[in-house]
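Heads up, the next two complexes both have chain A, just with different partners, chain B and then chain C.
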Partner chain A sequence: MTQLLLLAVINGLIVGAFYALMAIGLSLIMSLSDVINFAHGGFLAVGAYLAYSMAPYLGFWGGLIVAPILTALLGLLVERFLISRVYGRDPLYSLLLTFGLAFIFEDVTRYIWGAQSLPYQVPGWLMAPLSLDLFFLTGYRVFMIALIVLVVGALFWVMTRTRLGLRIRAGTLDLETVSVLGVNVRVLRNLNFGIGIFLAGLAGVLAAGQLGLTPTIGSSLIMQSFVAIIIGGLGSLTGTLLGGLLIGLAMNVTAVFLPSATEAVIYVMMALVLLVRPQGLLGEEGRF
Partner chain B sequence: MTFDVKKQTPNIIVWVILLTLPLWIEHAGSYIQLGTQVVVMALGAMALNFLLGYTGVLSFGHAAYFGLGAYGAGLTLRYLAPSTGSAVVVGVIAGMVAAAVIGPLIVRLRGVYFAMVTIAFGQVFYFVAFRWNAVTGGDDGLTNWKRQPLHFGPVTFDIQSNATNFYFFVLAIFALAVAVMAFLLRSPFGRTLIAIRENERRTRFMGINVNLHIWLSWMISCTFMALAGTLYALLNNFVDPRALFWTQSGTFVIICVMGGMRSFWGPLVGAAIFVWLQDYLSSLTPNWQSFVGLVFVAVVLFFPRGVLGILRRRALE
Partner chain C sequence: MTNDGNSVRFDRRTLLKAGAALGALPLAAPFVQVARAADTIKIGVDNPLTGTYAALGKNEATGMAMAVDEINAKGGILGRKVELAIEDSTSGDAGVAVQKARKLIDRDQVSFIIGNINSALAQAIANVANEKGVIHVVPGGHTDSITGQNCHWNVFRVCNTTQTEANAVAGSVIKSAGKKWYYLTPDYAFGHTLQAGMESAAAKLGGTKVGADLTPLGTTDFSSYLIKAQAANPDAIIILQQGDDGVNVLKQAVQFGLDKKFHLAGAQLELEVLLGLPPEARVGTWVFEWYWNQPNVTGLKEFVAETRKRTGGHVPTARTWFGYASIHTCALAAAQANSLDAVKMAKALQGFKLPPEIALMPDGAYYRAGQNQLIPNLYVGHPQAQGKDDPEDLFVVDQVVKGDDVSPTLEETMCKQDWPA
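Showing the complex of A and B:
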């Protein structure tokens, strides 16, 4: 039982880190541009499949580095030519636009790579368990966690220590003033979107190694990311990280005791948070 | 009340088309079930538009209430009673109760945040339908039940095997629901909702309890959505979890926008276009989902006012 619970906790943290990676990207875009990017899952799938297609040429490590970058470039183009055109209009339109894009992404990935699940090869030495007692703790899982910690750490550094991060944070508070102060808001939003999509692409490659590849890999993860944002508090990256880890833990621990409530539990948590603290655990009051 | 012909023209056109539909639909190369589907989707979209277009609140989770209605009706016919009437009543109550409970949690939120929370809450019902295999049939859907003929004393109205009769049954419910919504929108209550849409802060300063009004509008909207869901289940004699998946919510929103959110009949026009287009595209290509996505993108970029919005603008010019 102890081991089962330990497994659930470790799995929960891994899955949670995953949701957090996706949720942080969504949250960045939502805070600065007021856009819920429903196509986020689509970008995640694109990242995963690109890594799969590049694996024969670049290997696992090459794919891990190149695929998220290519996904981010695609994100920059989509933002520049489609999403930026609906800024300043009723938020309804940006939601519908990304909704339509989500449909297209999923269908196109299915068209190119097929509907059936594809295996994604991770180097053998990474898949081996680290010790016999903790058989479920493969090197890949530890590696995933380490990489996510590294990337999120780097993101926090960018957000707090660089001029770009400063501008993004200022922009989420008052975009108009930032624009008046001479910052090119169009470029700022574009880069911010790119960063968010980079995280989605990275999450996609990591997810491919853990879950295998299906065209619906993204849309099956996006709801949990929404819940992570709502629980953690919109506008707070630390909150989103915390929200992701919390729901990952909650889902996996619940799966041990009451498997049928695995998904329901996070919505109960969301309802409780909205009831007690509508702005989310670490969100600021009065923003929404 | 005087009868203003010019003002009533749109209503007359709509009702003449809907009432004569069984006469011409097959000559137009389509079939009666598709017409029924248009009316059902139109009812759902008009219910959503009560909130979206007239109260200005961005809900993206309405599929949940559509699905609750559908499952309420299906489960009633499967397990409780072979009665179409009770099925509709149970489905509607299920949707209404769920909306009433969730309402207080979300009325404080606005804009995209409201959209995100409603869509996330909507997923709860999806997972319940998906996971609760023993009762709902899980991913395979709820089968082994059929809509039942209606009995009015000694008279029986066969909506079970006669598709045209079923169309008129759906149309009658549609007419009733639409009349209630039109009445509500013309009442002081409806005018208050429009005031909230136009300027929430000013409405609040006038001493109006905005959150209460949004909660009521949300409940009314979800209740009619559930009604549309019950009809949808009866139409197909089948429900599956896809009826309440989040992508279904987006479909209802795009129907409203495509037809024209600011027009009463806009969602009906949108539903006619969308249902026909989906039927046509899915017969043409297995990649119809991409084309539906393209329709979303095209509507947003090129026709944000929708068909009736464009027509109205032309008329004004």
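Showing the complex of A and C:
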């Protein structure tokens, strides 16, 4: 039992890191643009399917780099021409807009690539387990974690060390003042949205290596990121990271004792956090 | 909520409401409706077009359309043209499925209703159809109760019961793997009855359960369950997930190398799942309910060719055939009874044997009297990584099982039909 628990903890952190990657993109957009991006899962699916279609030409590695970039470009366009038009209005507008986009993304992917799930192949040498005892540590999962650490590390570096990051963080706190100080808020929000969608696209390609590619791949993964943000606290990237890891852990430890409750447990956690510390574990007081 | 001009801050309530709405996302779905003339006979289809079962639903729809065209080419039902009225039941919302069933029956005045892939939805539709006295054909929802404890005189089922599938495959798994089984079971009606079926089939042959996990429907990460299964050290890991869940669990089990340590097996496997898997994950011992590549079956070549024509070269799956056989069942019932009266048609189908060009299997298929369950052939075998002559020939049939040999007896099904006086 102890060994099983230990394995569940390690595995939970791996799974949690993946949820965190998705949630951080969603959280970035939520914090600066005040848009709850329902279409995030749709962008994730687009990233995954683009990588699938490019695989014959660019291989796995090419797809891993190019697909998230293309997804981010699509994100920039969607922000520029659709989402930016509802900034400053009642949040209901952006909710309805991204809600509709989520449907459109799912149906368009189904139309283009079909409803039948498709196999997405990662290089064979990445697939093998690294050791017999820790058989769930496949090369692919280790690679996934390394990449997530790298990307999230780079994101934190951008946020704390560069002018763009400084402005995004400042905008998250007080967009009006940032705007008055001469920062082009429109461009800032556009770039920020693009970064968020890049992370969604990357999460999509990584997910495709482990799951079958289906038009619903985004909607099946998006709830976890949403819960991770609420648990971690809005406006705090560290909080979102923590939230993602926590739900991964909770789901895996629950699987040891009460497997059928793995899905329910994250909502119980969310409810508890909302009762005890409504702003989330690391969320700013007063943001809500 | 405060509005400070440039930016609007939403409050926590909005965020939570948004979350609730996000959870409802897969439930809301547009519906499709076919316009029709007044003198046609309408068959209502209440089956998934969106969500987890969209791919299966699409394949059933292809089979249904083929059957309608064949029937109309031969003069329709009782001389009247047949049309489908198609609704999206969603993949998991029984409320929507029931609402669509009522709409089809009350407003569209359909003479038959077809659905559903999801067992729970199929049972819900069956109850509505029974209340309204309309013939209902279930193409592909497998849970036992539909033609068992909750059977109705007007409800017919094309696909097998979970117990039948379990009985068909259990012996092969014990022979090839061993007697200690660990179950990974999807946590809904279908999974529960399939596991119960496998347990009782295994018990008769000396098999035992060393562990079991219920996994929520729509689980994407199965690693935690696979870790537990490995720790229990079984002879075989019995994988009962279907659709996308089935793809995910098999893909991950093979990535973890579990196919090399244990035997991976299960009951029902579908071509749709095999097509979604990378070649190395096409492993195990399973049962197929219908297969397109069988020798010496009347009409099969034509059926495969026609499906290829309609789907851009793809072969029919069991789902295509389920849809096809369901619609033909309606037409045959009317022809047999020479009437559209539901009771007369239901009586005409008792013990009715499908014509060979519709049954499309070596020993044919018939509706068992008193239960309304189709008793067909089943195909026990193993997948192959790559098709030899056709990229979609992914299953090797080791044994064709007769439905009569593996179906529970009428008493065992506990079906008691309550016919109208």
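What we mean here is this: the second predicted complex is superposed on the first by the 282 of 288 C-alpha atoms of A that agree within 3 Å, B and C clash if a C-alpha of one lies under 4 Å from a C-alpha of the other, contacts with A are read in each partner's own complex, and residues count from 1 in each chain.
The working rule: contacts are C-beta pairs under 8 Å (C-beta built on N, C-alpha and C of every residue); 3 or more make two chains touch, one makes a residue touch a chain.
Since we're looking at a predicted model, the values are computed, not measured.
Participant: Fit or clash for chain B plus chain C once both are placed on chain A?
Facilitator: Once chain A is superposed (C-alpha atoms), there is a clash between chain B and chain C.
Participant: If you stack the two complexes on chain A, which partner ends up touching A:8: first (chain B), second (chain C), both, or neither?
Facilitator: So A:8 only meets chain C here.
Participant: Output check: A:214 vs chain B and chain C. Expected answer is one of first, second, both, neither. What do you get?
Facilitator: second
Participant: Give one of first, second, both or neither to describe whether A:22 is in contact with chain B, with chain C, with both, or with none.
Facilitator: neither
Participant: Kindly classify A:87 by the partners it touches after superposition: chain B alone (first), chain C alone (second), both, or neither?
Facilitator: second
Participant: After superposition on the shared chain, which partner residues are touched by A:97: those of chain B (first), chain C (second), both, or neither?
Facilitator: In the superposition, A:97 touches chain B alone.
Participant: Is A:191 contacted by the first partner chain B, the second partner chain C, both or neither?
Facilitator: In the superposed model, A:191 contacts neither chain B nor chain C.
Participant: See if chain A has more residues touched by chain B or by chain C, and give me that chain.
Facilitator: Of chain B and chain C, more residues of chain A lie in contact with C.
Participant: For A:111, using the defined touch cut-off, is the partner it touches chain B, chain C, both, or neither? Pick first, second, both or neither.
Facilitator: first
Participant: Considering only the touch criterion stated at the top, classify A:256 as touching first (chain B), second (chain C), both, or neither.
Facilitator: In the superposed model, A:256 contacts chain C only, not chain B.
Participant: Between chain B (first) and chain C (second), which, if any, makes contact with A:275: first, second, both or neither?
Facilitator: Once the two structures are laid over each other on A, A:275 reaches chain B alone.
Participant: Give the one stretch of chain B, out of 201-209, 237-245, 291-299 or 309-317, that collides with chain C after superposing.
Facilitator: 237-245
Participant: Under the contact definition given at the top, report the residues of chain A touching chain B in one complex and chain C in the other.
Facilitator: Overlap of chain B and chain C footprints on chain A: residues 34, 36, 38, 89, 91, 95, 99, 102-103, 106, 219, 223, 226-227, 230, 234, 260, 262-264, 274, 278, 288.
Participant: Tell me, which parts of chain A touch chain B in their complex?
Facilitator: Interface residues on chain A, with respect to chain B: 30, 34-36, 38, 82, 85-86, 89, 91-93, 95-97, 99-104, 106-108, 111, 219, 223, 226-227, 229-230, 234, 260, 262-264, 267, 270-271, 274-275, 278, 288.
Participant: What part of chain C is in contact with chain A in the complex they form?
Facilitator: The touching residues are 1, 3-12, 14-16, 18-19, 21-23, 25-26, 50-52, 54-55, 57-58, 187, 213-216, 218-221, 223-228, 230-231, 243-244, 247-248, 251-252, 255-258, 272-273, 275-281.
Participant: What does chain B use to touch chain A in their complex?
Facilitator: Touch residues, chain B against chain A: 52, 58, 60, 105-106, 108-113, 115-117, 119-121, 123-124, 127-128, 131-132, 246-247, 250, 253-254, 257, 287, 289-290, 292-297, 299-301, 304.
Participant: Where on chain A is chain C touching in the complex?
Facilitator: Touch list, chain A to chain C: 3-4, 7-8, 11-12, 14-15, 34, 36, 38, 87-91, 95, 99, 102-103, 106, 110, 114-121, 127-129, 135-136, 138, 140, 175-176, 179, 185, 207, 210-216, 219-223, 226-227, 230, 234, 251-252, 255-256, 259-260, 262-264, 274, 278, 287-288.
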